[in-house]
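Just below is one structure, and these are the notes that go with it.
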Amino acid sequence: MSGSTFGELFRVTNFGESHGPAIGCVIDGCPPGLPLSEADIQPDLDRRRPGTSRHVTQRNEADAVEILSGVYQGQTTGTPICLLIRNTDQRSKDYGNIAQSFRPGHADYTYWHKYGLRDPRGGGRSSARLTAPTVAAGAVAKKWLAAQYGTRIRGCMTAIGDIAIGQDDWSQVGQNPFFAATADAAKLAELEAFMDTLRRAGDSIGARLYVEASGVPVGLGAPLFDKLDADIAYAMMGINAVKGVEIGDGFESARQRGSEHGDELTPQGFLSNHAGGVLGGISTGQDVRVHMAIKPTSSIRVPRQSIDVNGDPATVETFGRHDPCVGIRATPIAEAMLALVLIDHALRHRAQCGDVRVATPDIAHR
Amino acid sequence: MSGSTFGELFRVTNFGESHGPAIGCVIDGCPPGLPLSEADIQPDLDRRRPGTSRHVTQRNEADAVEILSGVYQGQTTGTPICLLIRNTDQRSKDYGNIAQSFRPGHADYTYWHKYGLRDPRGGGRSSARLTAPTVAAGAVAKKWLAAQYGTRIRGCMTAIGDIAIGQDDWSQVGQNPFFAATADAAKLAELEAFMDTLRRAGDSIGARLYVEASGVPVGLGAPLFDKLDADIAYAMMGINAVKGVEIGDGFESARQRGSEHGDELTPQGFLSNHAGGVLGGISTGQDVRVHMAIKPTSSIRVPRQSIDVNGDPATVETFGRHDPCVGIRATPIAEAMLALVLIDHALRHRAQCGDVRVATPDIAHR
Amino acid sequence: MSGSTFGELFRVTNFGESHGPAIGCVIDGCPPGLPLSEADIQPDLDRRRPGTSRHVTQRNEADAVEILSGVYQGQTTGTPICLLIRNTDQRSKDYGNIAQSFRPGHADYTYWHKYGLRDPRGGGRSSARLTAPTVAAGAVAKKWLAAQYGTRIRGCMTAIGDIAIGQDDWSQVGQNPFFAATADAAKLAELEAFMDTLRRAGDSIGARLYVEASGVPVGLGAPLFDKLDADIAYAMMGINAVKGVEIGDGFESARQRGSEHGDELTPQGFLSNHAGGVLGGISTGQDVRVHMAIKPTSSIRVPRQSIDVNGDPATVETFGRHDPCVGIRATPIAEAMLALVLIDHALRHRAQCGDVRVATPDIAHR
Amino acid sequence: MSGSTFGELFRVTNFGESHGPAIGCVIDGCPPGLPLSEADIQPDLDRRRPGTSRHVTQRNEADAVEILSGVYQGQTTGTPICLLIRNTDQRSKDYGNIAQSFRPGHADYTYWHKYGLRDPRGGGRSSARLTAPTVAAGAVAKKWLAAQYGTRIRGCMTAIGDIAIGQDDWSQVGQNPFFAATADAAKLAELEAFMDTLRRAGDSIGARLYVEASGVPVGLGAPLFDKLDADIAYAMMGINAVKGVEIGDGFESARQRGSEHGDELTPQGFLSNHAGGVLGGISTGQDVRVHMAIKPTSSIRVPRQSIDVNGDPATVETFGRHDPCVGIRATPIAEAMLALVLIDHALRHRAQCGDVRVATPDIAHR
């Protein structure tokens, strides 16, 4: 692989830069006959879109997706689907000062050394903006998975910095600017206040996310190396700024005994889900459960020591429009990534083993 | 991919079952001209080998590797290298009772549902024994990386259950049965006592590992999706029983501010390494730092509720020879996986960008 | 692979349909630092463009290419290059009548049975129009190969139907409507007359092409299965309507003796080139020589027996705009394909073996 | 790809050298539940085996295959199948003289320049012996295809040098040393005499082969680039010594008119098969028909001009055991390659489009 293609059978090839004319992706391998239009994709893009609250970047992008190929008379034809999103609000002048020096914690330094040159406009290829085509492709995958198996994927923010967020009400995720699955008004107020203070300080903050899939067929994955959980880890760690990934109980598993961790079974289903829906790299039919950690944005106003392209000392302060917490808009991205892993493994399974077996609710206790 | 091949350019295809005639792998894409013999590979296999202390499985396997191809007059020829390890101590009778029911927390259940049949002898393909060929392939990768860039890879255990282990003396890793990088005799005694108690109880325990690479060239990786850290996460989560992976500060990053997390640079190098040697998916030349969590072994003597292949209730107690802490022998596996990721990205980089740039010590402060 | 991506390291993912909004491709893995603009690509597209003579389809398409990504300040950045070509002269009404029946010799029948539906507008995905993005990608590959090794790729028509065309003057290829490498005015007149008669008869005709690369580095390819000649065969047979491919002496080799076929060497170079520049799947540094056969266009006015989508008998006559000899515009396509194979193997070679060795003229006798 | 793996979903990774300890392959992605034992594989290996007549190399190899993994209780388990063939009759002394110079027409020259070293024993990796593992893998593919769709694959020799061989009796293919599908005793005598004369002259000769598959499901393949015929061309051109490949009418198509070439359809099926069972890169359900040309063996006794590794002039005469016509034993190899292409596309089709549609005999007229 040359790096910009995700998946083996439902292949998503991503292209574009933050301030180039357009970004997008090509999906190759989508099953034919899936009803599809831009209206199926736009809602997830809108969830990820910048400018929706004061806590995210103020860049103003419609992120309107256009289907260029692979759909005829409202159905996928089985041929590549090109999804195009035009960039409309580039302000390259904002980034002029960073072209010559490296932001601490940013890809500036590594791109420069890898390629010998870099597109500094809006972070170029390293911008989180490049997750938009992934979200678009994920929407196609979600639709197929839902139609085929009833699979449902959802995610939420579980912490911003030291502020943990409960999961008491999933219906609230779309009702607040933080993708918080809580109806706890005091918590939301605390988050608002914290983010306002942070923004005034010109600093940024890390976050934790949770994403899960229910209605996953049993049998998706492979013994090694393409385990379902390995591919999920690859997918999530591939999201900008992610620094840690857990499946099921994750790091807590390191403290558990086998008699506690192993999920017992009864004829009515599993009695627990420490495994997070994967055993031996293959789905159990239980909910797939994933946690991840997202580092704070590296583009901050706080002055920092660095060097320039000549190796001389430089002080870097990043103005321009940045998310103070990139974790906030990452929930739809993580959902999309999970969808892309699942559809790819569903197709791989169908290739080798024929039609998948959908776990019945009574055996797939969560 | 059909699942059993690791890597794109240094491709390792794994085969075998725990109690079949042999296990092994084929390495395709190894650069020609590397001096190589079995003596380069056997030491890492010996580190992973069963039966080396009372805290690991008592299965007695020499794990002697044989090079079947790809080497002529002591040098790699550039053609596929087949590494074969004969299985010599199978006792399939030990596992007769588990062929009909599913161990909680084990791949028994998912293999059965995926393939419609499974090889129950010693866990078949899901056995941790299948990591031996990976360790062998990793030894080849390590040798090339060391010769080419001076890359050094090492790992250690950082916790067993609730017992945290410090990293005060790397020279001790090979001197105790726990891969502990400590000279703290009291700590080692505590671990010994804990493991003895656990074994008598017929239970198992989770663990935490750390692995790092130094002397990594700057520029390895890709913006998306094949980020160096994404591929590391894939590699590590693909090791049997791993449930969580962190790069650099990992989950701690979720609590940090940008002004704290972003590693500042000076003309003499980086001032810290919160990133763990990767920015924007590409290596910085600093040490690559990875932590992971390993769940407790699922094959335990403690009786557990389960079902049999007919869906009827069954009580499962697993006798036979098992590691009470699979984490113990996982250190050389994690090292091998890291080596395989690095060599693959080194070759990919060389393809696209020409010869890699090795970070000089003064710019790659750790 | 899902089918629409060509190459392993210089990866070209093609998308689009003949009468959709746009066609194009994404090139992933292009080396950074290559000077590139639309002006490098457009000339090859213009050579393939419809409407340039009365002997090709009268569809009027500018085939103007737009670079959407991967280029900054006139240089490739190492990130994906999206090339977009808008369709501007679709007349879907021309094809209304063929949506319900299958043209003999056309992909209509197989698409319908594979996907359960098809986009009939202008042949949809099966249209030769989809070779335009390949030609565009090939222009990028050609430029890199020329800059790196001095590789030159060229092709010509060698026969239309029973009319063989000599290769006496390469400078003429662009001076006549047939890509004929001849200054033989009588031959060109014969071709003109033949094509005019054929067009009036509403029929079509097959053709033979030749394409060659000189200045190819020695050592490109692999012992098996990804031999250089195997990948060339794959590339050429993948061009619409190609039914046969030969390397070097091709089918003539079947009649030769070893003492005749094997190219002798002297310190000054090879004494002949029966091999066509490839031995054991690896380039010799001599010219790579490829011949291919192209079948006659299946969309003809001559009435033919067929069936409709219900399996009932139907008579098919295809009006609309079609090339009476698809071979005519195939020369730039074959050149592009050869360039794509060579660049991919050049990058693969660089990955495994380091920098390639360019054959010196005196050793690479042609 | 690193070159030694064939297929995307039914992946065959080949390893070994002619005079190393063993050769073999790993099949990854085989569907589970296929009854399989060595007895299913050995017959095809025996057809390809050396030493079966005086017209092939006198090397004496049993080519006994051993299944090392992936089969349990007589059925494939869905995990990798390693097939091992030990080399038992190596005589490396025969090749001592060729280690320092390059045989005209042989891979000696290109391996040396690609890798900087080569294994000269018996041709090392470039030996036709390396097709044995492919034949073994092909036998597995054939068995699955036959069981699943009733697909039957067969091949025969159609010419040796200038002696054309008819196809009047397929039952004779296994009854003569030439894989000739003829009962024409005079023709067989002519071939015997020709080969005896050739052998005495120390020379070699080219050949033509034909291979076909019947009972192929409709719908296998992809519009571009992974067309069924493109992958067949890749597969066949990848066989040692093949220099040309034709699908259906092949080069004859270049002389045909569209009104002649396009296969008409009736409700009872196709009326002809000029296409060779593939339209638009996708199978029609008709017989897949492939012709190929094989060059003469390059290892001959006739003295030839060459150079040594220092670039100095050398005269090369190759003694040792070689096939005077490598085409003779190539029929089972071509059959295996065709089977591998078909099973791979069958699995890819199943992934994207669900179960394949088997063409009924009346629609798939041949």
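Chains: A, B, C and D, in written order; residue numbering restarts at 1 for each.
One rule holds in what follows: a residue touches a chain if its C-beta (ideal position, glycine included) is under 8 Å from a C-beta of that chain, and two chains touch if they have at least 3 such contacts.
What you see is a predicted model; the values in this text were computed from it and never measured.
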Legend entry - If a chain touches chain A and chain D alike, it appears here: B, C
Legend entry - Of all other chains, the one whose Cα centre sits farthest from chain D: A
Legend entry - More contacts between chains, B-D or C-D: C-D
Legend entry - Between chain C and chain D, centroid-to-centroid distance (C-alpha), Å: 26
Inset, instruction - Would you mind pulling out the distance in Å between where the CA atoms of chain B average out and where those of chain C do? - result: 46
Legend entry - Chain centre separation (chain B, chain D; CA means) in Å: 39
Legend entry - Multi-partner residues of chain D (each touching 2 or more other chains): 1-5, 8-9, 14, 29, 32, 78-79, 114-116, 125, 223, 348, 352-353
Legend entry - Interfacial residue positions of chain C with respect to chain D in the complex: 1-6, 8, 14, 102-111, 113-116, 125-126, 130, 159, 161-162, 198, 203-208, 218-227, 229-238, 240, 243-267, 271, 274-276, 278-285, 293-300, 302, 304-307, 311-313, 327, 348-349, 352-353, 357, 363
Legend entry - Touch list for chain B against partner chain D, complex: 1-5, 9-11, 13-17, 20-24, 26, 28-29, 32-33, 66, 68-70, 72, 75, 77-82, 114-119, 121, 124-125
Inset, instruction - Flag every residue of chain C that touches chain B in the complex, lowest number first. - result: 8-9, 29-32, 78-79, 223, 347-348, 350-355
